[in-house]
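Quick one: the structure is below, questions incoming.
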Amino acid sequence: MPILEGHGITKHFGGLAALTEVDFTVEQGEVLGLIGPNGAGKTTLFNVISAAIPPKSGTITFKGKTITGLKPYQICRMGVARTFQSVKVFANMSALQNVELGCFFGKKERVPADAAEHAASELLEFVSLKDMKAVPAKDLTLANQKRLEVARALATRPELLLLDEIMEGLNHTEVAQAMELVTRIQARGITVIMIEHVMKAIMNVCERIVVLHYGQKIAEGTPKEIAGSKTVIEVYLGE
Amino acid sequence: MIVTILDVLIAGLLLGGIYALIAVGLSLQYGVARVLNIAHGEFIMLGAFITWTVYTYLGLNPIVSLAITGPIVFVIGFILYRTMFKRLRNISPTPAAFEGSSMLACFGLLFIIQNVAILIWGADIKGYSYLAVPVDFAGTKFAANRLLTLGFALVICIVFYLFLARTRMGKAIRAAAQDSAAAGLMGVNINHVLALCFGFGALMAGLGGALISMSYNIQPTMGLEYTMIALIVIVLGGLGSIPGSFIGGLLLGLVGSIVTYVEPGLSLVAYYVIFMLLLLAKPTGILGK
Amino acid sequence: MRIARVFYNGSFLLGLLLMIALACSPLYASRYTIILLTTILMYVVITVSWAMFSGPTGYISLAPAAFFGAGIYTSAILGTKAPLPIVFAIGGLASFCLAALVGALTLRLRGIFFVMFTFGLVELLLHFVLWWEVTITGTTGRVVPSIDNTSVFYLMLLVFALLLLTVYLLKISKFGMALRSIGENEDAAAHIGVNVTALKILTFGLSAFFMGVAGAIMATRWTYIDPKIAFNPVISFMPVLMAIFGGLGQLYGPIIGAALFSYLEEFLITRFPYHYMLIFGVILVVAILYMPGGLVGLAQKLRKWFSGRKYADT
């Protein structure tokens, strides 16, 4: 059963076509990779899904319901969460507070303070930030800030999680840890779409991959199929 | 009836010329130098009072004293940027923080400049009479000084437009307006250009004030209203668009003239209604990005 | 950590003592002192209300004068027609509605529109009310019933206490945290489920409510009100100066700044009416350039430096 579907997504920025007639389907429970050269429109697609920006045309449905036209907070409460390519943590608030906010507001139901604190602590542990609870987010390393964003997104109890380049700027060990984190998130029953440039991670963690180039979908398939696809190789090596 | 419509239209242009001039100045400061100068009206006021002083004590006519007023106000603006705003740029962690703190600094400047003016010139209304003779134009009589004001406002705007389009410095300014970081990388001395822009913005305000003083009475508290008008015009024209501010100024002048004909005293309210409509329907304005 | 807790308890006790001292002051203080204290309370209320919204969110409102003026005019219009407590409440409500309208128009857009709109609001109201009085009602200015100074003092003290309670409850609640997150990163806040527009509008309205009530109460001190008296841009300038100088982070930063400057203003306004405004303007600019955290931020930096702690509380 597809958890997320997009039909004919088009987005223009002034004269530039950032996305053109993109169709996609995401199956419940899978980890979908979204790749493409820089400027392909990957983050723009995320922004359209999460309603950070409106599409020029096209519709997106989440669990059968149309979500285009809704506001970001409404989409979040329906069960879609995301992280950001340029990390957007709440810099002067502690790691715990960052995650607690997700607990409090991620769903419409009221959550009492101690329950939120408990859930937030658990999530920080889940992303291996247990010892950083009281640290202001701005004092965390980049890798830890990305982990914090993941914890905060998970705090909203999503069914679908959009990860935008969480491995950017990480070293080998950190990449391996991030890959393992994604697997553990999937094990919790959450569907994941991840934008990544780190090919090792994409090939190993994702079950399916969608490739964008200049705002259009040029390929879709299993990692093996994508790795062998002439079109994709040309796009990546031809530059 | 046709005569009346023409009256109102031309009066609107006269008003709009001044509005366009001061709005272009503010657009330079906000669009390029990224400073929301809410003390803009105070530079207008300074221009008006310097002109009055020169006319009253030196007997120089206001057109000639444009050459005195302009540079004085330009220098004040330039120095302010090189000292105050440069420091704010350096200590602001984000562009948004700079916008906020520079706006607040201008708020402080507003009260500083206004009170300095009161201390120098006193708080009462002042005025002088120059070329207040009626002239026949398109079948109606208009004051010569008002026509002169419109003429000069248009000339200044055209000269500035040519400066932006044709000269090297103008190109540097346009580059900085698009992307100051990239322009800096291209070899543009960005601090210098931004300070120049702020100075030019102040210059236009000063010249606008000088022109205003030819037709209207002035007082040290006159600035606030003009700042508001300039703000509304740059939103109407589209934030970041200098030609937009020009067109927006003329348009708003037209509106002001029509409203004054129908119900005098409500022009500022009418401008604000337009502001509200813009916010509701098209915050990007006419030519905004 | 334990040191911090004692400090907080200490300042709470100090605050309580101060409140009690204030409440008893009409018994032993001169009439002049009571009037002065009332003015200080007025500025403190406006400043703390202003900081309640503009502090955490970073949306700088330049409209306090408009909301305060709306409260004044409510008293001017209704003062003789309804019992005063109702009039004061309506003054607050009128300002709340005005703020909600302004918020609905501007807070769903970029912050710059909010600043611009609030900047012109006081002059707009001035022009509008002036036009209305000249054209529609035919009279300029109104007379307000006056009440004795001690009553006004107690009313303002009550408003102050209510405001402090509101600010404190907001600060420790999840909504206070959400407001701060809006100031930190509004996009991220929206994406974790915070209805940023609604929260901003409601908080802005709440802060305006207190300014309106304060205006309605203080109106009884001027027996004659006209638009120029009611809508005075200086009332927008002072709280901004006081809050920025005092520091926006803590509860007591705006209070200290407000108390300091309102006392100074009362002192200087008759002797050097234009000089003191000039100096205040300079102080604002200097504070922005050299004291971004305000006085309290400075004190915090010193405290951090002395105790050697790595992370200061916010």
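Should a chain be cited, it is by its letter among A, B and C, assigned in written order, with residues numbered from 1 in that chain.
The working rule: a contact is a pair of C-beta atoms (placed from the backbone, for glycine too) under 8 Å apart; a residue touches a chain by one contact, two chains touch by 3 or more.
Because the structure is predicted, anything quoted here is derived from the model rather than measured.
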item	value
Path length in the contact graph (subunit A to subunit B, fewest steps)	2
Per Cα centroids, the chain farthest from subunit B	A
Chain occupying the middle, per Cα centroid	C
Where subunit A and subunit B are represented by their mean Cα positions, the distance between them in whole Å	46
Subunit B and subunit C, separation of their C-alpha mean positions in angstrom	31
Distance from subunit C to subunit A - Cα centre to Cα centre, in angstrom	41
Residue ranges of subunit A in contact with subunit C within the complex	50, 52, 71-73, 76-77, 81-82, 84, 88-93, 97, 100-102, 104-107, 113, 116, 134-136, 139, 152-153, 155-156
Contacting residues of subunit C [partner subunit B, same complex]	58, 60, 62, 105-106, 109-113, 115-117, 119-120, 123-124, 127-128, 130-131, 134-135, 233, 237, 240-241, 244, 274-275, 277-278, 280-285, 288-289, 292
Residues of subunit B defined as touching subunit C within the complex	36, 38, 84, 87-88, 91, 96, 99-101, 103-105, 107-112, 114-116, 118-119, 123, 224-225, 227-228, 231-232, 235, 239, 263, 265-266, 268-269, 272, 275-276, 279-280, 283
Residue ranges of subunit C touching subunit A (in the complex, touch as defined)	174, 177-178, 180-181, 184-185, 187-196, 311, 314
